[in-house]
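Notes to accompany the following structure.
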Amino acid sequence: MLRYIALRAALALAVAFTVSLAAFLLLNVAGDPAQAIAGEDATPDVIEAIRDRYGLDRPLPVRYFDWLGGVLQGDFGTSYYWHKPVAELVADRADETITLALSALSVTIIIALPLGALAALNPNSWIDRFALGVAVSAQAVPNFWLGLIMIILFGVMMPIFPVSGDSTWKHFVLPAFVLGASSVPAVMRLTRTGLIEVMGADYIRTARSKGFRGWPLLRRHAMRNALLPVISVLAVQLGQKFGGSVITESIFAINGLGRLALESILGMDIPTVQMLIFVFAIVFVAMNLLADILNAALDPRIRIG
Amino acid sequence: GPSDDTLRAAMSEEILNLDYNYTTKREYIILAQLTDATLFNIDPETQEVLPSIATSYEFFDETTLDVTLRDDVKFHDGSKLTPADVAYTYNWIKDERSESNAAGVVRRWLDTAEVTGENTLRFHLASVYPLVIRDMAARIMIRKDGTYDAGGEVDRDAMAQDLIATGPYKVASFEPGTELVLERNEDYFGEKPAIGTIVVRNIPDIGTQQAEMMSGGLDWMFKVPLDLAQSLGATPLATHLSGNDLRVGFLVLDSHGYTDPEGPLTNVKVRQAINHALNKPEMAEYLIGGSSEAIHTACHPAQFGCDTSVTDYPYDPEKARALLAEAGYEDGFTLPLWAYRDKAAAEAIAADLTAVGIDVDLRYVKLQSLNQARAAREIPAYFGTWGSGGTADTAAIARIHFDMESDRNMSGDQALADEILSAEQTVDQEERKEIYSSALGKIADEALWAPLFTYSANYLVSPELDFPLDPDGLPRLQNSSWK
Amino acid sequence: MSTTDITLTAVEDSETTPLTPGQIFRQRLFGHTGFLIGASIILAIVVVAIFAPLIAPHDPYVQSLSTRMLPPVWSEGGSWEHLLGTDQNGRDYLSRLIYGTRVSITIGIGAATVGLMIGVTLGVMAGYFGGWIDHAISFLLTAQLALPGLLLAMALVFIIGPSIWVVIGIVGVLHWTYYLVVTRAATQRIRNLDFVAAAKASGASSRQIIWHEILPNLASSIIVIFTFELGIAILAESSLSFLGVGIQPPIPSWGLMIAEGKQAMFYRPWLVVLPGICLFLLVIGANLMGDGLRDITSPEGRNE
Amino acid sequence: MSLLDIQNLDVTLALPNGPLKAVRDVTLTLEPGESLGIVGESGSGKSMTALALMRLLPRSATCEAEALRFDGQELRDLGDPAFARQIAGPRIGMIFQEPMTSLNPVYTIGRQMTEATVARGLLSEAEARRKAIDLLDRVGIPDPEGRMNQFPHQMSGGQRQRVMIAMTLMLDPELLIADEPTTALDVTVQAQILDLLDDLRRERGMGLILISHDLAVVAERTDRVAVMYLGEMVEQGTAQEVLYHPQHDYTKALLAAIPRLDGPARVPAQEAAAPEVEKVISATNLCREFHSRKGLFGPKKTVRALDDVSLELRRGETLAVIGESGSGKSTLARILLGLDLPDAGDVRMLGRPVLDLPGAERASLVQPVFQDPYTSLNPRRRLSEIISRPLVLRGEGDSASRLAAVKDAMEKVRLPGRLIHAYPSQLSGGQRQRVAIARALITEPEALICDEPTSALDVSVQAQILELLDDLRAKMGLTCLIITHDMAVVHEIADRVAVMYQGRVVEEGSASAVLDHPSNDYTARLLAAAPRFGATRDLEVVQ
């Protein structure tokens, strides 16, 4: 078990470094950071000064290994824009994103699980069709568009929720809904097929032959089996929400990591982008690991040895 | 709103650093107007030099400038400003270690600044430089002695957050990228602003800003797209103000042939055809709106030295076609046209050029991508804009675009570059004007550019806010008041 | 269940020959409502795309700045000349929406194909060869999932220059993982089946086994994923265009149109709503088709 | 009064391509304490009949009957909740066919065993536990107390099957339906379980319905036998009558097809094989280990699948390799075929190391026939393609000559020519196995290696395939290695036998010698446990 976790952690690090190297190269080919920092009316001497200041005139490998050396000592560098250590910056912004990701996940769970379960228990009924309709529609709605429509509807036409900022829980309602909606189809379908599959399993037939039916059957025999895959998918979805909050955060002006990522990418703030990608990669792999561990904890067939 | 005497302004660009000595963007100039004072001010109406921290100046000789300061200027922390602070600021910015964004400007002319008396100091200039007062007014914010290198340790971010300056407002709280709260500086030496508190919020999405405006959470927005400004301005929720802007839009054409020595753009007829093909007045009227006007010079007509009597190429697609045919391109050619802002205008330009038979491959990219490609000389033509840093002088646009050092110069014309540089060495204003006339005339005749239009600044403000506009296009929030 | 075959040897000469897989497939296809709805939507949109020049009332590229931002016919100030009004450059919105089908469909099909090539190749290799190849490909997969697509898109658009082909390439390169995961698992399963062993025993090489024995068995799941990826690619294109690193103006892409309409969305909501609905319909069509195909190709059908 | 009385039961399944009458007009009665065997080939509707009675039919199925009486009570009048409360469990219990999947994998054995009694309030938690331990002990599970906290995956298939039985018995049903309770079990375990069921029936006067396709088992264990064929009950009567004086043609065919251990032994192909006889394949000192990890976090496990195995296959003979499940038979076959490499030892074909042979040449020497006809054919290819594939791979002939070869091969294995463009899914199991054999024969190899070629097939089909193999061998002089775990099969077709146990060959010799006078303990046990169809006759004599 420990060995396995160590292996996965090593993998996470390898992925994180690879991805941040890729990010570094991509950013450097995509444009000149000094130009980006200087802005539209920058004169050449300003750009030169910036280049000097951040050491951007050094060759790429030198800069990358410099960064790498820093990371190995726990120093992710200083943001070109914010003039503060990137690590501090990321730590500052993380709580908004965590709040958003968790509330989005709750939205997903609240919508997807009951709907999936009801659909599974009444296959081909109207509720099943309705659930399927919800899934298909949620899959087909562009996320950014949903955000804009939500703003039009609830920010302006019926001003119930604030549409920008992150100071109160109310600010998170719409973004969490938009972000959470994107995972509903996957989770709902999985719940539904999982439950249908379990309800058709031989051990459920065994339980029925012992006289179990209805709710006790569901609770005592089906639930746990059907939820196993759902739980691991939820963990993975949570991991994706971190990186996936880019558009949502910028539409709703939430000052989290997603927006930071978008703006750092557009603004070529290389140290920030690199650290964010590093963090996202680790979170992503960690969530996958968490999913495995949860599964192992809940499923006695997977031995922990 | 007036109830809490707080003006809430929104900006899309993130505000991260309050020290204008280390920033460049327009948002920072606006904030610097609020928090900082410079030695002089330039009257936006008349372009006259007005006193500010300095009361007067005098050229001892062509390269020696004596300046007298007020004696009642206080920093936000209550300490009194001395000539030593001013000298320190200038010398620091010039210093190699400063890496200040103003360094380029200052190094151009400053040799050294020295304190000469209780209220006086002397600037030794490195060369003859007629624009020195203008630069002092626009670029260099005065800091306390030792701000950036206290104890020998260089700290360029010393003023980035906890700004100690001399302007009409002081920083009450600052959360970079989120919110800046400014309070009226009761010790300000000049005329004190009418509004007590200004809150500047970062709201990246213009739609969100608008929603906030409509729900009364904002009093002031700028850089508002025309359509939005007009629509929202038509409602009682907000007032649309349209002011001047020194920014001009233009096409820069690779007349030298950096991308292709034999390329169509090296032919003056083709460049003239491009000029004729563009329906500039329509673009100005419908896409930029407000006070925007079509231009035919490589400068803003409001700028000193901007001679508008140069050759004009009015909108005439037939003539454009004819010129193209004359140049041997009756079947047109493919033109990769780069652009980074005002997508609608870029598309309109592309459509106009397409209409006369040029097959435009529009490449709408991020600014830095354009910059990088341009630096690599991979761009045959781009739709550029220039705001001259709010400086109403042709020098502020000519040098950057026609100096041989600059990659923005795609004419490769050494004589033109020399002419433009010589203007900056000329003290006599009439003489300078003539030099610019000649240079601009040449640019127009050769059709090195296709000048397009001036910009207008669109604001949306709360109906309760009185926000006066200045002709130089720089918003000065400190001048606003409640109705 | 050990066997479900009731035509045993004793009755093997009964007249009713069971249906071929193809026949069963077609039969099920035409009995699946969701699939039929989805296919009709897609078909309709494809027809619109093909005949766009005949259907569109105006040239989608011709601008008329003086008549820009006209409202649609049902709003005050709208006219029959421009049914859905005009955009910020005075181009006919309906015509742009109609031509937008071409962009979306080209990109959807193109990108889903690029993803298919990458994903299936890697998936089959990982599943068939296993070992370090499998590990390397898994690593690639994780790295890909962790890398923000926006970044890749920006860089590629810059390096290669923007064009519809570049966008197809980018979206394709960002969307191969689903193919990989499914084909890898399926290949691992099929690899151990006896008919593969039989082919090996007949002297078939790995390449021959992959082409002749494994790929045909992956075909139906690949088609299902392709249909889903079609929708996903279309959405991805619109997101990239929305963020400004996708389709270049003046080409009418729905995502780009939403981005352009965003500024004025409170006063001219149709600028955002209409392209959004087009996207929604197209993607829902693709998804319904995908769902249908999946139900049809999975041996158990949807519920049992 | 009968314990169970079913009149004219119909079960209809709604399949995608039309309704299927899985059970037609079935009429059954059972007295208390009596045991009824239901036989019939796979898919004949045996399980459906039982499931219909328990109301456990799949969703798509509907069931109708004229009467469905249990202990005098008409079950059709009972609503679902009442049925679940009163009948299912305490009155009628059922043991299912699939032991591996019939227990819930995420709960402990103890919980699953006790929950029904506790939930019904029949026993207290502690009493239920005691009873469960007692029953586990009865079904022969060692350390029953410890087992209560184990999960199903921690037990072998046989143990799980026994847990299933014990669990059903927790509620003391009056009628027990056992649907193939012993498939997938070792013959030794099978015997033990059947004994247990017999005991219980005697002790408690419980009625028993034993569903099986194994006539030998039914003959040994039941009072009365019903034969099902294509959903209908074609014959019913005492075991004596039905099995020794069958009336219906199908029953007769079925009985004729059963391989018998005590039938006339076949004449070996080469009596007293001379030592200089050519060796087609010889294997010496083969070892093969597998490393596997159980689950994600499990420790590494090493399995010695082959442990120093030496074997030779002589030209013209039929060698049977027998041994229980997991003893390494298939591994051996794969290595002999060159599909897998041994860790140690070597395999030679006609004296040359198998590794030096190019694929094509090896293919012409030896071809495999696999156990499962459903996975050994590519479902996406037509028969013509499947059968001609080895020729294509060799680059032999043009399409016309290949087609001729395919037709020829199909004829050899007696496949109707009209199937030449059919897909495997359109074929029955027996037909599929013939296709596999045709494919193996098309390159005219010297030897066939058949890995349990009939274990997935019905006895009647099995007989046909075995006969076919025997025939081909006689006609073409094929050398054959047949892997099986069925002694009767060995008896019918093998010249020589090798017995494997835990990766080793524990005994080897001529078929008659090994079967009649096993020298190894394990072989002896294996033989003793094999059900013999003729056994009832002996019983009768004793009575």
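Odds and ends about this structure:
Each chain gets a letter, A, B, C and D, in the order it is written, and its residues are counted from 1.
The rule is short, and it goes like this: contacts are C-beta pairs under 8 Å (C-beta built on N, C-alpha and C of every residue); 3 or more make two chains touch, one makes a residue touch a chain.
This one's a predicted model, so the numbers in the text were calculated from it and none came from an experiment.
In terms of the distance between Cα centroids, chain D is separated most widely from B.
If each chain is reduced to the centroid of its CA atoms, chain A and chain C end up 23 Å from each other. Between the CA-based centres of chain C and chain D the separation comes to 45 Å, rounded to the whole angstrom. Averaged Cα coordinates give chain B a centre that lies 87 Å from the centre of chain D. Chain A and chain B, compared by their mean Cα positions, are separated by 40 Å.
Among the residues of chain D, those touching two or more other chains are numbered 58-59. Among the residues of chain C, those touching two or more other chains are numbered 154, 157-158, 262, 265-266, 303-304. Contact with two or more other chains is made by residues 207, 211, 214, 366, 369, 372 of chain B. By the definition of touch given earlier, these chain pairs are in contact: A-B, A-C, A-D, B-C, C-D.
Remark: chain B residues 14, 16-17, 24-26, 99-101, 103-105, 107, 156-157, 160, 176-178, 202-205, 207-209, 211-212, 214-215, 340-341, 366-369, 371-372, 375, 385-389, 400, 405-407 touch chain A in the complex. Of all the residues in chain C, the ones that touch chain D in their complex are 2-13, 17-21, 24, 27-28, 31, 193-195, 197-205, 208, 212-213, 216-217, 219, 301, 303-304.
By the touch criterion given at the top, residues 11, 14-16, 18-19, 22-23, 25-27, 29-31, 123-124, 132, 136-137, 139-145, 148-149, 151-152, 156, 196, 200, 240, 243, 246-247, 261-262, 265-266, 273, 277, 280-281, 284-285, 288 of chain A touch chain C in their complex.
In the complex of the two chains, the chain A residues touching chain B come out as 30-33, 35-36, 38-46, 48-50, 52-53, 81-84, 148, 151, 155-156, 159, 163-164, 250-253, 255, 259, 263, 266, 268.
Interface residues of chain C, counted against chain A in their complex, comprise 34, 139, 142-143, 145-148, 150-152, 154-155, 157-159, 231, 235, 238-239, 242-243, 255, 258, 262, 265-266, 269, 272-273, 276, 279-281, 283-284, 287-288, 291, 302-304.
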